[in-house]
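Heads up, there are several structures right after this.
Common to both upcoming complexes is subunit A, partnered first by subunit B, then by subunit C.
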Partner chain A sequence: MNAIEIKNINKSFGDTQAVSDINFSVKKGELFGLIGPDGAGKSTLFKILTTLLIPDEGNATVSGFDTVKDYKRIRKIIGYMPGKFSLYQDLSVQENLNFFATIFGTTIEKNYHLIKDIYVQLEPFKNRRAGKLSGGMKQKLALCCALIHEPEVLFLDEPTTGVDAVSRAEFWEMLKRLKAHGITILVSTPYMDEASLCERIALIQEGKILQIDTPQNITNSYSKPLFEIKSHDFYQLLKDLREEPFTERVEPFGEYLHLTTNSDISSNSISEILEKKGHTQIEINQAIASIEDVFLDLM
Partner chain B sequence: MRKLFYIVQKEFIQIFRNKAILPLMTVVPIMQLIVLSFAASNEVRNVQLAIVDQDNSEYSRLITSKIKNSDRFILMDNPPSVKLADGMMQSGNADIILTIPPQFEKNFFKNKTGEIQLLVNAINGQQATVGAAYLAQIIQSFNQEIRLDAVPQLAVMKQFSSPQLRIENSNWYNPDLSYKDFMVPGILGELATLLVMLLTAMNIVREREIGTIEQINVTPIKKWQFILGKMIPFLFIGMFLLTVGMIAGKLIFDIPIVGSLWVIFAYCLLNLTAVLGIGLFISNLADTQQQAMFITFFFAIIFILMCGLFTPIESMPKMAQYFTIPNPIAHFVHVMRSVLLKGSEFSDVAYNFKVTAVLAVVFNSLAILSYRKVS
Partner chain C sequence: MLRIFLAFVKKETFHILRDTRTLVILFGMPIALVLIFGYTVTNEFKDASISIIDQSKDNLSHEFVEHLTASGHFQLTNLPNNINSLDGEFKGGNVKMGIVIPPNFEKDFFKKTPVTIQLITDASEPNYATTLTSYASQMIFSFQKKYSKSAIPPYQIETEIRMMYNPKLIGAYNFIPGVAALILMLISAMMTSLTIAKEKETGTMDLLLVSPLPPMLIILGKIMPYVVLSFIDAVLVFAMGYYIFEVPIHGSLALLLSLSLLYLTVALALGVLISTKAATQQAAMMVSLFTLMLPTMLLSGFMFPIASMPWVLQYISKIVPANYFVQIQQAVMLKGAGWESISHPILILIIMVFVLFAAAWKNFKVIYK
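Coming up: the complex of A and B.
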């Protein structure tokens, strides 16, 4: 049985179609990523799966329970971390944790093994009010609170948004450790670089799923010629390349431009063309596609 | 049960941590009680008076001095003409103009009648009617005196005249017509009710605004646990406020406590339960604290103006009187006054208990029904 099963889910708010015809499933114990820009429908999908929203059409199950009919059963077995920090800011770390443990009918001691790795980092601040914690610490506390009742499925809605790079890396480390406990994790993120840390990902855009596969397969599926280019004048290079007939798409990507071509043009000929236009220090290599390239291509 | 206890505990922690709410719940109501009870008086004093004495006789001066002796009036001026007096009223320096026409004394002796004119500024209706009534009283007693004085035969006649009915008033339950005894119990009831209503109305909305409700909604907490967890702390606060208010009322205003305090507190508990229902219902309807505040404000104004605290319910139009039935403050004010001043027993206010119990059931059902864990 799959941990999450989504069939033909549709939901609209007024005239806005938030998600349309979503179909996918998440295996038990899988770390599944939902990758898409802001407004793609990620949070709506999370709310449907966590029983906070009722879909207009279609149905979904979590651990075999229907999100509409068996919502009470689902609420006992899931952990949810909303995109917005939703713990009590005026309660301390300890009090928040205690509160959530109690309303799930358990205690901190009982499930301490699950949160131990995370909680040791929070422990020095356990009497501090949650509102006074740093962004990264808040995320850790929210994760602790979502985990305290040993959920079967964990829903993390953009857990790393607004968190510094180090904390983000740490957070993903934690998720891998949780996976080892057999917890199914559905995580959403707008950061393409985090996609490769998931076992499987779904690319979502404007409420539609573009592609679902492992990150490796998704990047491998990129069949068009891709180059990374830089020269002395980055901005002029971008403008010039956009005007070339062989260019299908060119986007800035770190210190390089990623150029997708529509014909089998060699890197040497591109280099020559650019030299004619007055570019110097030209560097041009064949590039390996990233999730972002695939995403932009699918858009 | 353990869950409920925890929710209540959590609410208390949050309330006591909120540095703005705690003084708002204790100090402010007591201050309101003191200020309102001292200032919001129905008694009319300091009526500004202008007397236009065109007669300038012995009698006209007698009237003037009699009025001067009353502490309800301030004699602003004796303008020589009616026109000047009108000007004083126009500019707000006079509330009442008393005009004594020329030949007032002469006419009195000649025709046995005398005419005096009262011009009353009725912008403030209460001041005008009550002030004019006081003035009429003074003139009446003056009238009695001069009649005996001017026509000695009348005194003789009076001895032989047919027996007359004399009406004597006696003010029961508040013999001195003490305004404070009348107001303090009512204001106490009103304050406790309003505060609890506002606090609860803001509460769930606040959780929605901050987003904590989303986290709560995915937990297996049951509706009744959540709602009851919100209600119990505010019930405590309301009861605490009433206790403090009663003590303050006794110490500062020495209000009489004739009836049983048990009835008062039992009723308070019931009344606050009803009010909490209103507050929670508002809280469920509103999306932001601002909205909740305005809805509460709307109800509060109607409740206060139609609770019989300032204007007696009995003198409202019949339709308006029906509207006071679902007004918990009206019942509270009534029960407070009856029990504290009159010593009413439970059986005397049983009607209010019954109505409030119905209100409590209705409002709280609305609150529970309107609370949705799913949007």
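Coming up: the complex of A and C.
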């Protein structure tokens, strides 16, 4: 049995179609990523799966329970971390954790083994009000609160948004450890670089799933010629390349530009063309596609 | 389940105790309102400044002026000799009423020719003006009586007025029930709608709903601390009324307090209903103020008599819970009534509790299935 099964889910708010015809499943114990920009429908899908919204069409199950009919069963076995920091800012770290443990009918001691790795970092601040914590600490506390009742499935809606790079890396380490406990994790993120840390990902855009596969397969599926290029004048290079007939798409990507071409033009010929336009210190290599390249291509 | 419920109450109590603004509203507002109403909203007057324009200046007119000022309620400011100067005095706000004594006052009076004394008031404050003129008329009547004792007119109907339950017409007897109704409505309804809307706004409501808790428990856990606090407020208002403004409680205190609790429940149900509709604290606040505060103040009969309102407002006032609570309080506190004579308003409040909770519950289910 799959941990999450989604069939033909549709949901609209007024005239806005938030998600349309979503189909996918998440295996038990899998770390599954939902990758897409803001407003792609990620949070709506999370709310449907966590029984907070009823889909207009289609159905979904979590651990075999229907999100509409068996919503009470689901609420006992899932952990949910909403996109916005949603804990009581005026309660201390310990009071928040205690409260969420109590309403799930458990205690901190009972499931301490699950949160231990995370909680040791919070311990020095356990009497501090949650509102006074740093972004990274808030996120750790929210994860602790979502985990305290040992859920079978964990829903993390953009857990790393607004969190510094170091804390983000730490957070993904934590998720890997949680996976070792056998917890299924569905995580959404707008950061493409985090996609490669998931076992499988679904690319979502404007309420539609574009592709579902392992990150490796998804990047391998990119069949068009791709180059990374830089020269002495980064901005002029971007402008010039956009005007070339062989250019299908060119986007800044770190210190390089990623250029996708629509014909089999060699890197030498591109280099020659650019030299004629007055570019110097030209560097051009064959590039391996990233999730972002795939995503932009599918859009 | 009880452990969960207590955890909820504890959490909610922390929220209240850690928010100075909430604390000020909870305990500062009742005290401030009672004192403001107690010392400002009153029709009683003392040392009202008046002018007397004596156009006759004879013995009787002097005696009349003496009679008016002896009461101590009027204070003579100056005595201009013509009526025209009165207008200027009114405009300056120095004088509230002018009394004009006609020429030949003494002569006409003893000749039994009808004498007309003019009372001119600044009616830009109508209530005050009415009170002044009625008091002055009484004084004129008693002055006249002093001289007509010997010659009893052949036919005469005398009125004997008894003001039952509030013989001295003390304003506090009226406003303490009104303020109690207002404060309990505001605190219970507004604070509960705010606290629930806050959980929605910050997203914590989603976390609570995704837990195995029954929604009813969430709501009950949230409002329970407010029941206790509003009840303390009720006791506070009654105590201030009793000790500071000497408003008696002739009836059973237990009955009064238990009916206050009933009214609180109505207010809380209203708060919950508002919160099922309002998505943000600001919306909850606006709705509470407009749909609760104004009707409670204006249509509960404590500021303006309902019987003299247009029929539309009279009908609206019938669905204002404060209206019934004011009736109940007046009956129990001032008239010493037992529950059987106020069974009608009690019954209506009980019906309101059920209707409001049913509506709130239905809304809640629509939103969170």
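In the analysis below, the second predicted complex is superposed on the first by the 299 of 299 C-alpha atoms of A that agree within 3 Å, B and C clash if a C-alpha of one lies under 4 Å from a C-alpha of the other, contacts with A are read in each partner's own complex, and residues count from 1 in each chain.
The rule is short, and it goes like this: a residue touches a chain if its C-beta (ideal position, glycine included) is under 8 Å from a C-beta of that chain, and two chains touch if they have at least 3 such contacts.
All of these numbers come straight from a predicted model, not from anything done at the bench.
Engineer: So, on subunit A, is it clash or fit between subunit B and subunit C?
Structural biologist: The answer is clash.
Engineer: Should A:T50 be classified as contacting the first partner (subunit B), the second (subunit C), both, or neither?
Structural biologist: Touch partners of A:T50: subunit B and subunit C.
Engineer: Can A:Y80 be said to touch subunit B (first), subunit C (second), both, or neither?
Structural biologist: both
Engineer: Considering only the touch criterion stated at the top, classify A:M299 as touching first (subunit B), second (subunit C), both, or neither.
Structural biologist: neither
Engineer: Would you tell me the residues on subunit A in contact with subunit B in one complex that are also in contact with subunit C in the other?
Structural biologist: Subunit A residues touching both partners: 47, 50-52, 54, 71-72, 75-76, 78, 80, 82, 84-91, 95, 98-100, 102-105, 145.
Engineer: Any idea which subunit C residues touch subunit A in the complex?
Structural biologist: 3-4, 7-8, 11, 14-15, 18-19, 202-204, 206-213, 368-369
Engineer: Flag every residue of subunit A that touches subunit B in the complex, lowest number first.
Structural biologist: 47, 50-54, 71-72, 75-76, 78, 80, 82, 84-91, 95, 98-100, 102-105, 129, 145
Engineer: Contact residues on subunit A for subunit C in the complex?
Structural biologist: For this pair, the touching residues of subunit A are 47, 50-52, 54, 68, 71-72, 75-76, 78, 80, 82, 84-91, 95, 98-100, 102-105, 145.
Engineer: In the complex of these two chains, what residues of subunit B are touching subunit A?
Structural biologist: Interface residues on subunit B, with respect to subunit A: 2-3, 6-7, 10, 13-14, 17-18, 210-221, 373-375.
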